[in-house]
Structures are given as C-alpha cells and as structure tokens.
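Both of the next two complexes hold subunit A, though its partner changes from subunit B to subunit C.
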Partner chain A sequence: MSLRQEGRRQAIPRQRGSRQGGTARKWAGVQNRTLWFWIFVGPFLLGLGVFTYIPLGWSVYLSFFDAHNTVTPSDFVGLGNYTAMLKNEAFTDSLWTFLVFSLFIVPATYALSLALALMVNRLRHAQAFFRSVFFLPAACSYVVAALIWKMSLFNGVRFGLANTVLGWFGGDQIAWLSTTDPPWYWAVIVTVRLWLQAGFYMVLFLAGLQRISPTLYEAAAVDGARPGWQVFRHITFPQLRATSVAVVLLLVINAFQAFDEFYNLLSDARGYPPYARPPLVYLYYTALGQGQNLGLGSAGAVLLALIIAVVTVGQAKWFGLGRKEAQ
Partner chain B sequence: MTISRRGLLGTGAALGLLTACGSHTGRDDGGPGGGPELSQWYHQYGEQGTEQAVKKYAAAYDKARVTVQWRPGNYDEQTAAALLTDSGPDVFEVNGPTLDQIQGKQIADLTGLFEGVKDDFNPAVLAPKTYDGRIWAIPQVIDMQMLYYRKSLLADAGVEPPRTLDELVDAAKKLTSKKTKGLFLGNDGGAGVLGGTPLYAAGLELVTEDGKVGFDDPAAARALGKIHQLYADRSLLLGAPSDWSDPSAFVQGLTAMQWSGLWALPTVQKALGDDFGVLPFPKDGAGEPSVPVGAYGAAISTRGKHQQAAKDYLKWLWIDRTEYQEDFALSYGFHIPARISLAKKAGKLRKGAAADAVRFTTDHGHAQPLRWTPASQTAYQDALSRIIKDGASPDSELKKVVRKVSADLDRVKKK
Partner chain C sequence: MRDDSRVRAGRALRLALLIALALLFLIPFYLLVRNGLAAESDITSPEWTFFPSSLHWGNVRELFGDTSVPYARSLLNSALIAVATTLGTLLLASLAGYGLARIPYRHANKVFYAILGTLMVPAAVTFVPSFVLVSSLGWISTLRGLIVPTLFSAFACFVFRQYFLGFPGELEDAARVDGLGHWRTYWRVVVPNSRPVFAAVGTIVFIGAWNSFLWPLVIGQDRNAWTVQVALSSFTTSQVVRLHELFIAAAVSIVPLLVVFLFFQRWIVAGVERSGIDD
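Up next is the complex of A and B:
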C-alpha cells in the first residue's frame, strides 16, 4: 500500500461502535483501494497466470525437449525441434498459404469496401436500404456461408450454380475446390470472405466519410479541384487515413485468424490438402492430435508467435502508429 | 415480496450446497451393486441406433456402473489429449492405438484377455494392435473399402470390370461422358482415402516387418503416377456434394465407379438392386489386388483408477458377449465382426457383394501398420496430393517421403 493511501486511510475518523465494525471497515472500507483492487483484479490475474502465462512459459520450455505424449519431458534436444519445424514442408507450406491469402484478401477487401462506401455515400435516395443490403452478409455465419458456397454455388458437378452458368456458355465443368492448376479454390475462398466482410468494413468507411468536413470539399472546389478522382486523391483518401489504418489492421488480423472457410470448404475427415492447411491447425494436429508431439508443436507455436509479432511491429512502423504521440 | 441481499446470499449458498451434494462426476466409487464406476467413450457413429445399443450393453453389465459418453467432433484428438490427464475415460474406443501411445505407457496391456480366443480374431486387424508380442486393444468391428462399379454403365461402354490398374485407368476414361465421370476417389482425387492401397496393389508395403520403409522402389512411383493419369485424363469426379464415404454420387449416376466403404453397401443395394458389383483395388505390375481394412479397438487408459474392473468389463463386452458383437456390427450399420467365427455365421455376409467384401478382407486386406506414425501419414498424404493434383514427379516426392518416414521409424525404434 502506498504512503498516500495509508495516510488517507488513517485520516478517516474512527467510527464509534464495536471492534467487529472496525475490522469490517478495515477489510471492506470504501477507502481501502488496495484491498478492493486485489478483490476485483486478483481472480483475473490469477486466471491469466494459471491459464495463460504458465502454459505459455511451459510451452516455451517444452519446445526444447523431445516430448511425445507427455508434458513433463526429460530428453533435452536444444533447438532440434525448431530446426525440424523450419525444415517441415507441411508447416512452411501452411505459412506460405496464409501469406498469399493475406496478401490478396487484405487489399481486395479494402478496395471493395471503400468503393462500396463511396457509392453508398453518394446516394441521395435509399441510402439506408443499400447500406443494409451490403451490410447484411456480415450477419451471416462463416460456416453457413462456406457450406452454401461449397454445396450449392461452387460444387464441381453439373448442377452447381457456377457450373450451370458455365454450361450456358458451352464451358466445361470446373471442380472449383479440387483443382490446383489453375488454383480455382482461391476463387471460392476469396469470394466467400469478400461477401461476408466487405459490408462491415464499408460501414467503417462510411463513418469515416461522414466525418470529413464539407468545408474541405468547398475549399477544394474554390481552388479548382475537379470532382471525382482529383478530389478523392487529395481530400477524401488522406482524410480517411485513421479509418484506413484501423481497417487494414483488422483485415490483417482477421486474415491470419482465418479458419472457418478453410475448414468448411477444404477439409475432410482425413485432414486438409497441403495447399490449404492453416498453420494453427497443423500445430494442433502435431501437438494435440494423434501426433502428440508436444515439443515439436510448442516449437512451431513459438515460431508462429514470433512471426506474428514481427509482422505486427513492422506493420505498426509502416503505418506510423504512435509516432504522433511520441512527438 | 422483497428479497434482502442477505436473504439472496443465503439462498444462493444453500442452493450451492444442494447442488454440490447432488453433483456426479462419473468417477466415484460406489455404483449400484457395489462395483466401481467406469467411464466409457465412443466416437459418434453416423448410424441410427448405435448409441442406444452401446448404452444398452453398458447397462446390462452388473459388476460396475458404466457411464457411456457419445462424443461428436474430432474424436481421435479428444482421446489423445484426454490420455494425458486423469479426467479422461477408463475405457474408450481408439482408432489405433498409435505406437507413441503404447510406448508412452498411456494404454493398458490387454494380452491376458485374449487367452483362448486370439486365433478367432481376424489377424489383419489384430496385427496393428499388437506390439512387442502384446495386444493393446480389442478390435470391435472391421471396416473395409472397395471399388463399387455400375454393371449397366460398364456394359453400355463395352468395358470389363478392371482387374489391373492400367485397366482401371482405361475403363475410367471410356466411362467418362458429359454427364458421368468414370471414377470417384473422393473430392481430393484420392489423396486422402487411398493411403497405402496403391502401394500394396503394386506388391509393396508402407512399412516392412523389420521396420523399414516399404515403398522405396520404382514400382511405387509407377503406381502413383497412374493415379495422376486418372486425374490428368479428367476421368475422376471431383467436387461432388458428398465425399467418397457417402455413396450418393454413385447412386445418383454422377460416376460409374466409386471407391467407398462396406458401410455403403445397404444404401447402394437399396438404390441400384443388382446393378452393381464390387472389386478390390486392382493390382499393378507384379502386385496383388488390395483392400484397406481397419478396426476401432476398445482400449483402457492407464490413468484410470479401476484398471482391473475396466479389463473385466471389456472382456465381458467384446470377448464373452458375442451376441452383442454381432448386433453392433450388423444391426445398425454394415460392418464385419472382428471375430472370424461371427463373420462366418452372420447371414447378412453370406451372399452377393457382402460375401465378396468378406473374401476381399480375408484374401487382400491390409491394415495400416502400427509403425506408420501420424507424421509419416501427413508426409505421404501431402506427397500423394501433389502427385495427383499438381502432377509433381512421383520419384522426387516419394524420395522426400522416404527420408521423412525413415527418420520417424528410427525415432520409434530407439524408444
């Protein structure tokens, strides 16, 4: 307890009454902030320690041991698990898959949601209707959407919607989710995610657009800026910087967390094809699945955490997050 | 009526105490009849009535109180993780067990339960449950996979049922039309389901008896190259609404031939009558036809408190009560009883395609060897996917797999 707090506590005049009342005040008095702090925060800190930090530390410890089917290992292997994981094609392929996915889905969603926001923002009539129409897919479950895409729109047989349309134009059937050359499965994964999330980010951009002062546009018009691209480039886009930073950060995090559509579109009872296996799923199978190689899985988890940390810090630097505050 | 804070707290405390008194963890001693309480896990079967059946068997046991848990989801992962803790099952179904589970002393030795009946268990499925001369799980029922073909479609195309891998490639091509594909090996082109079957058909193995890689041979690359040929010829059905384990694509006429399981036989029979036949996976080169067989086993966790009681229960259920085994195999789904004597006398398995399936299992059955670890499986399956879909060189892909599998075989040998 700090001296200041102690001083405050002593400054409160003793209440008349029994000794019990004094004890109660001592333990539960409104001024005893340290006690209340620990009563409210303690259980959460304890939970955080027991369920997060201790397992995290133990996982790092395990990563230096050969730990098959045990969490109390004895055979020290040094960096052996790390080198094995980095040489493991299944793990590196999964990282590559998610890098490609992020590199595509982040700019695509950004551009589509911004375009939708600009269009809806310009509407003079029925703006609320179109805003709702574009936003509604965000309320749909990823699982349901992925299954509709897989079973109905993009199944590989002649009665799938996409193949029916192709058939009208004399095209051959395409096995959308089973073809790697060309990799049509990307079209399915990307379209379902775009459909689901573009509306949500459109709403964020709409909020950003509505915060731009009309006087800026008036001033631009006075200065002779042509409406359209020139105004967008020099007024709208720079004014959306804060929104853009938030949107891109959310998109990157969501891209690396992608799981539902990969699971529902591409997995089967025997697992995932090598080109579409999320890294976390691979680590799950390695450590907690039948593999039960907890040392190797832990090394993979540490590597993945390091990669995510480096990407996040790099991204924050690139966007200049915190720069203004520091100045 | 107003409730004071003190009254509310008092009521809450009383309710909490009552709840605690009535709590039942399923792990206490003292079930009815004086026996211990055992917890038993099953994976979720898709067949109607199976859950009720296993609960009925458990309820009929009077020397312990057995609580059955029917567990949906990733069962293999659930049990593997549960074996690390004291809160897992006493008795459980296992898709294996794996060699690591045996070497990690997570599974109890059940050799003693097989006294006098060991020879009555199908050796193909008992072998992967045997390590170091000891038996670690009791095979429950046998599942196998085979090739279904539509007789009328083959006759219309002038194609004979394929007996070699080359004939399969030719037949699938001839049977492919605008509306119907020649063959369905699953939506991934067979990478997931085929496993070691083409290798066995080429006269090779996944792991040799002395614990070496069994497919470091040019014949392996040749056989897998032919599976890619099926994909390259566009003879394979891909992207069907249901996968290989479901016969829907076959009975709907989307494919003329389909690789599926014995469990699909009743559905196919109901839909097509006699207009279908079954075959093992055709041989390649100097090999023999092959079918994969497997069996969920009943095992005991070494972390359970009542291991002897669990052993007594398993002996009663899967060795002594043969009528339950036959009921479990054939009354709900369609499987082969693990006991040879039961399989022979089961009326449903004596004629037609079912009898063929039993014969394939006996003559051409290969189970996944115990030394074939999950890491080896992932490496091989990924390579198979690259060979089939990407047209990757079978030679170079298999060389990488051989290195990986050799390293894992060395690891398990050292233990």
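Up next is the complex of A and C:
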C-alpha cells in the first residue's frame, strides 16, 4: 500500500504540471488528491444528501407540526404526533402485524433457501438448471406475483388452483383472503414472498458453501463423522455462520419494508381491510391517503426508522458483527 | 455395499425432491401464461382445469387496443425509467465507489460510513419525507421525479467500493507511468477491466427499477406517469376488470426482465457472491 502511494506521489505532479497552471496544480497536485476524491465521490454524496438526508431531516421537522395537506406547516404540536401515533391502535396493530409476519417469513425463508442451496450444491449435473429455476422468481415483481396468487392460485371464490386441489381431497372451499378466523390470509401473504425471495437467499448460501474448505470435510471423514446430519451439524452449519447472520439481517430489514404484496393482495375497489396492515401500508394511507396527514405520517416514519435502527444494531451486536469489522 | 446403495437411494430421493420443488416454483409462471392466453370464461370457470379449453393469442392485440388502459404508455415509462436509472446509478455509484476505494483522502472513511449509514434506514421508510421533498420541487408525475431520487443507491456504491478495493493496483500504476491522471485512468483502464461487476450491478438495478412499486405509486399520480407495475396494480384494485387482459398484461410485463435475467444471470450470481454482503 505504502509503496503504491509513493509511486503516485511522484507520477501525479509531473503529469499535472505539464497541463495546468500553479493554482490548479496546488489543488490537483501532490497533496491534493482531495480534489479528485471529491470529483469522484461528490456527485453521489450530493444526491444522497438531497434525496436521503434532507428528506429525513424534513421528516423529523414535520413530525413536530400539525401538517395536513401541506409541507410548510405553522402549527407546532411538539411531541403530539408521536403520542398520538403510539396511542393509535391502528399503528400499534401494524407493528404486531409486522411481528407476526416476520415470525413466519424469516424462519421459513431461511430454512427453504438453505435447504435448496444444500441440495443444489451437491448436484453433479443440471446444477445451473435448478439454480436458475429457483432464482427465476426474483425477476418477477411483487405486483405480478400478488396478481397470480390473488386471482389464480388462492382465489377466494369457487375457482382457483388451491381450492381445486382442496376439492380433490374432499376439503371445503376457502375464501383465502377474507377469512380472518382462522387467518388464512397469512398463508397467501407468506407463500408469495417465500416464492419470490427464497432463490435469492439460496444464491447467498451457495456462495457461502463454496467458500468452505474441502479439507474440513476430509478431516471429518477421517474422524469417522457420518456424511449427512453429523457433517452438516458440526462442519457445514458452523462454517455458514457469517452468511446466516447476513441472511437473517436482510430478511428482517426486508420484512420491515413489506408493502407491495400486502397492498396488492388485500386492497380492492372498496379499500383496505382493517386486518393485516403492516407499518408501511398504514403509513401510506395515513400520509398520502385521504386527508394527507404528513405530520402524523412523518412521526410514524421516524418511529419506524428508530425501531429498525435499534433492531438492526441490536441484531448486529448480538451476532458480533461489530467485533468482526473492528479487526 | 450396503452403504453404497443407501447413498444412491439418498441421491435419487434428493433429485426427486428437487424436481418436485422446481415444478412448484414454475407453476406460478405457468398460471400467468395460461390465464393470459385463455378466454375469460376459462379463468372464472368453476371447474378449474390445468389446460385452458383454447388459446387466444388475440388477447395480446386486445390488450394494446384497449384505449381505456394506458398500458403501452406505462411500458414506455417503465423502459425509460429502468434504463435511465440503471445508467445513472452505474455512473454515480461506480465513480463514488472508486473514489472511496482508490483515492487516498483523510476523511474517506467518515464519508464511507455516512453513505453506509443510509443503508440502515430502509429506503421505504423515507417515502413520506421524499414525497414531501419531490412534491415541493414540483416533480410529482414527472419522469424526473420518478428517476432522479432513485439514482443514489448506497448499496450499489458499497458493492463497487468492495470490488475496487480488490482491483489489481499494477494496472493503475502502469496507466500512471503512461501519464494518465485519475480521470483518464478510471475510464481507460479501470472501467474496461471491470465489465462483470458493471453487468452484475446493472442487472440488479434494472430489475429493481422495473419492479419497483411504492415510489412510482406515490409519485406517478397522473395516468400518463404510470409505470407498468402501477398500471397492473390499478387493474387489480378496480372492480371492472377483464381477467384475461390483466394476465396477459402481467405476462408481457415480465418478458423484458426474463430476457435481461436469462442473459445476465451468471453475472447476477457472480455479483452477489462478490459483493461481500455475506462476508
């Protein structure tokens, strides 16, 4: 590293000096890689500032005001929006919805994608074919997938594949999306996301599996470990730790962002049913639905961002991510 | 001997399970095409059948001929947005990733963490404030409003930085000896030697842009600014919907992605593996 930097230090002034004057050289020359750094990074950082940091700041500002239909409010309400949000049953319900949803989707995706990766990884032939098939749904949008699930697979009325299959076994027809007791709609919501994302996480696990040194397996065989469960438990699974941590983190963050499939599966011309509203769906209707309560919506967004930050940092600490980065 | 036959039986069982799962994963795609080419009566028939009674290729013509739905316009919007977002993201994120990885600067790490920090706040949480900003810029229902705010992907920047950290320094040193500055080194040496990572990030960004829903739903309020996902969604939530038209529209909407996907698939896999997100 230091050698390379020495090399640069000599090369740059010669080349700059031949083309540019004194001031320019001072900026772009020997010590001023600063200018070049900002030429490369500046545009990106500026955009990130304008379209991420400013909105975040503005959101915090708006969350202290009564802002109906306006982005320049004048009615300061202090923490009023926050207390209103925390006391609002619809909002706290949406957090429960998220919790239930992630309790289903995180373990299910984790198990399925790991199982797919283990099976595909050990294939001698047609590995690329199976990998492509399982990865293919990643190219499908939530909107399209929700359409297939809602209008063809889990159709609530008399037609639809799931009800047809149920009929073969003598089962009763189920109105999948409108039955709340038992809450059949969860089967629809969870399977659509499972289908869409399992292939992507399978690829992460495949990458992790390929990094495990074959000598570990050889050593295990010498020690008499039986291939199968024993090897998986004592070699494969521990070696996949880093991948597992990343997968769980990504799964939880993605579950927090759930919007597309809920919105497309459950809302119709009559609006959105009172059940199964995850936080983003609720915020969408609060901030941009009728009344456009941007102050309240902003307070909810800030609360959600705080919860996500706490969960993410807590999870990273729990898994010891920080320790690894410090090395 | 006994062990050998057990291994073989295990392998056969695994293969059977894989084939069953593969079929399960492909069924939704089949349903999409089946319903798209079926007659309306086949989709709503009480007796569901695996094959429709007849194929109606005319459904495609009907879809594009239906003037009550701005479907062709929404496809065009999606194409413009996806291409512009992909090119813009690649340019901005790769430059930033290169600067962070390869141009020594005292505060580079602080800048990097400022960028990384935005990954912690999921983009979807900022949709309320971003909507506020875009609407106060007067960009609602414009292509600008749909494209510009999405160009600054911290994820893409992160992937490029990780990739450039491992870029062989000898190539850059050779360029320097030839008298090239940072800018020309970047364009003439670094970019041509980094095609796979550009292909991988580009594909992922393209798919994400084509499929994104919440932002276009919020910003594309005017029918003329609808993307294909918003158009499809508006069909499903309306009461008067012609199902075969809806399905053929959805099938058409994934064709560009399948082409991109099948063509660039190995790069997506390589990109995911190389991005270091599972390290």
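Here is the rule we go by: the second predicted complex is superposed on the first by the 268 of 327 C-alpha atoms of A that agree within 3 Å, B and C clash if a C-alpha of one lies under 4 Å from a C-alpha of the other, contacts with A are read in each partner's own complex, and residues count from 1 in each chain.
What we mean here is this: contacts are C-beta pairs under 8 Å (C-beta built on N, C-alpha and C of every residue); 3 or more make two chains touch, one makes a residue touch a chain.
Computed from a predicted structure; not experimentally measured.
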item: First, second, both or neither for A:G171, with subunit B first and subunit C second; value: neither
item: Contacts of A:V133 with subunit B and subunit C, given as first, second, both or neither; value: second
item: Touched partner set for A:A146, first subunit B, second subunit C, both or neither; value: second
item: Residues of subunit A touched, compared between subunit B and subunit C (which is higher); value: C
item: Partner chain in contact with A:L56 - subunit B first, subunit C second, else both or neither; value: second
item: Contacts of A:D268 with subunit B and subunit C, given as first, second, both or neither; value: both
item: Touching partner for A:Y285 - first (subunit B), second (subunit C), both, neither; value: first
item: Subunit B versus subunit C as contact partner of A:P238, first or second or both or neither; value: neither
item: First, second, both or neither for A:T312, with subunit B first and subunit C second; value: second
item: Which of subunit B and subunit C A:H68 touches, first, second, both or neither; value: first
item: Doubly contacted subunit A residues - partners subunit C and subunit B; value: 71, 151, 158, 160, 268-269, 284, 288
item: Interface residues, subunit B side, partner subunit A - complex; value: 74, 76-77, 80-81, 83-84, 95-96, 98, 100-101, 103-104, 106, 179, 186-189, 191-193, 237-241, 243, 245, 249, 254, 373-375, 378-379, 381-382, 385-386, 389-391, 400
item: Subunit C residues within the subunit A interface of the complex; value: 10, 14-15, 17-18, 21-22, 25-29, 31-32, 35, 43-46, 48, 92-93, 95-96, 98-100, 103-105, 108, 111, 114-115, 118, 120-133, 135-136, 148-149, 151-152, 154, 157, 169, 173, 176-177, 179-183, 186, 207, 210-211, 213-214, 218, 229, 232-233, 236-239, 243, 246-247, 250, 253-254, 257-258, 260-262, 265, 268-269, 272-273, 277-279
item: Residue ranges of subunit A in contact with subunit C within the complex; value: 4-5, 7-8, 11-12, 14-16, 28, 33-34, 36-41, 43-45, 47-48, 50-56, 58-59, 62, 71-72, 116, 119-120, 122-123, 130-153, 158-161, 163-164, 195, 199-200, 203-204, 206-208, 210, 228, 242-243, 246-247, 250, 253, 256-257, 259-260, 263-264, 267-269, 280, 283-284, 287-288, 294, 297-298, 300-301, 304-305, 308-309, 312-313
item: Residues of subunit A touching subunit B in the complex; value: 68-71, 89-90, 93, 151, 154-158, 160, 174-181, 268-271, 273-275, 284-286, 288-293
